[in-house]
Amino acid sequence: MSLAWQCKNKSFMETINKKVYYHDTDCGGIVYYANYLKFFEEGRTEYMNMRGVDLRSWAQQGFLFVVKKVEMEFKSPARYADDLTVETIVSASRSASMTFHQEVKRNGTLLVSADTVLVCIDGSFHPTAMPEELSSRLK
Amino acid sequence: MSLAWQCKNKSFMETINKKVYYHDTDCGGIVYYANYLKFFEEGRTEYMNMRGVDLRSWAQQGFLFVVKKVEMEFKSPARYADDLTVETIVSASRSASMTFHQEVKRNGTLLVSADTVLVCIDGSFHPTAMPEELSSRLK
Amino acid sequence: MSLAWQCKNKSFMETINKKVYYHDTDCGGIVYYANYLKFFEEGRTEYMNMRGVDLRSWAQQGFLFVVKKVEMEFKSPARYADDLTVETIVSASRSASMTFHQEVKRNGTLLVSADTVLVCIDGSFHPTAMPEELSSRLK
Amino acid sequence: MSLAWQCKNKSFMETINKKVYYHDTDCGGIVYYANYLKFFEEGRTEYMNMRGVDLRSWAQQGFLFVVKKVEMEFKSPARYADDLTVETIVSASRSASMTFHQEVKRNGTLLVSADTVLVCIDGSFHPTAMPEELSSRLK
């Protein structure tokens, strides 16, 4: 299934609202670049929550997710008190990993996009196939 | 032993250097108020390290330190690229807790001060007396 | 007007919901102590927003708020994925400053409390009386 | 000049030391992924400082640097109290932008790498060629 198709098909996308506070900004007057990674983490967490995936419960069963790779592109800066949205889709999925595509927008205008690869690891920190129950919920 | 005396007696004080980076600031152009707590944590950690106290090793033996209370007062703001110092002394010590007095300065001028009470807890999160070996090093 | 009375009188209190994400925690498994100051900042911002106070607009007119003092007390730790509330009231108000009392709770149980003094400053960073329109909204 | 050659030629590389504190970690027990971006920012800042580039002074003259793109790859986690190094080189340079390649290591072992594209902008936030004096120092 192509990313373009998924984007068009809103049912695969999760959107959260995110307001910019002082602690998100830097002295350049804009959101500090590392803080978008916090926004993206929140977006992925809510994507999973909406599909009934409780990361704490999976961690107790020995399945953890770690970020393997992230690519982030900055189009336009967000500022203090901006009302933003963070859109999240799963753009690729394999047995032991999945890729999220995410976009931060203000009034529908793209500000920052990110592609993040998460790998499922076991208690010994080795990559491991996601259990069927988990992967089926996230696809 | 009074705080004034300890402050005068430099051998009881530990000083670290701290440079202000973009990620420490906010859109007001100054260091974000919560970030001084990170500076103070670093100051306390180095105070302990200089006295041979390895927090990881004590944690493995079941002795953890948690912050119980902090009072912070802001005199003047620090800015991007400032070279700061963080001075740390132990201003009070009891069997299961100790109080740190700390000051952030720029060229000797006081910017921010803090008094932080740390409590020693055991594995069940109950306050517990610090082992003699530990408390003697920190006094 | 006493703090106790205000606390009882819910109309003076503003409550926001706050979920704990990975980026709020530290390797002790709990919310990092400095991050509560971010929660408290968000609580104060929403308190002001609910009363029609737009900090950006006041800043453009030359009235800024800076934190002068903060006292924070930790009763019990918050953890990853906790659903918290942040309650905010103004506990004292003077011509050029005001004090916020705030409490972080989980299911009604107090975890962390804070008293924060904010000072109103002008463009030259000197304390200045708040304009009547501003102070009347915040009381 | 190839990246491989530059890496071999240590004179083009700047290295800073970075110790991991509590505030860098998350409840997974490791350094939180967004915090490496702070380490990388510090590495780039020191790279510039060592070459006599004062970002504040250039900002006052109307030349600002913004991050346009960042790619980060995670090989192995850093933990509390680790002593890390951050290595920084300029891997590509154009009239209005430059790319930094950076690596976080522990005892010589690569943990995290990043490639960051910075764009030089003018006061109107438009890309602009770097002044000769600036670009010659950074190459």
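In order of appearance the chains are A, B, C and D, and numbering begins at 1 in each one.
Definition applied: a residue touches a chain if its C-beta (ideal position, glycine included) is under 8 Å from a C-beta of that chain, and two chains touch if they have at least 3 such contacts.
Keep in mind that what you see is a predicted model, and the values were worked out from it rather than measured.
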Worksheet item: Taking each chain's centre as the mean of its Cα atoms, which chain lies farthest from subunit A?
Response: B
Worksheet entry | Between B-C and B-D, the pair with more C-beta contacts | B-C
Response to the item:
Distance between the CA centroids of subunit A and subunit B (whole Å) is 35
Worksheet, complete the sentence: Chain centres from averaged Cα atoms put subunit B and subunit D apart, in whole Å, by 29
Item to complete: Could you put a whole-Å number on the gap between the CA centroids of subunit B and subunit C?
Response: 24
Worksheet item: In subunit B, what residues contact two or more other chains?
Response: 22-23, 28, 34, 38, 41, 80
Fill in: Contact set on subunit B toward subunit A in their complex
22-23, 25-30, 32, 34, 79-80
Practice prompt. Would you pull the subunit B residues touching subunit D in the complex into a rising list?
Written response: 21-23, 38, 41-42, 45, 54-56, 80-81
Item to complete: Quick one: which bits of subunit C touch subunit B in the complex? Just the residue numbers, please.
Response: 28, 33-35, 37-38, 41, 64, 66-74, 77
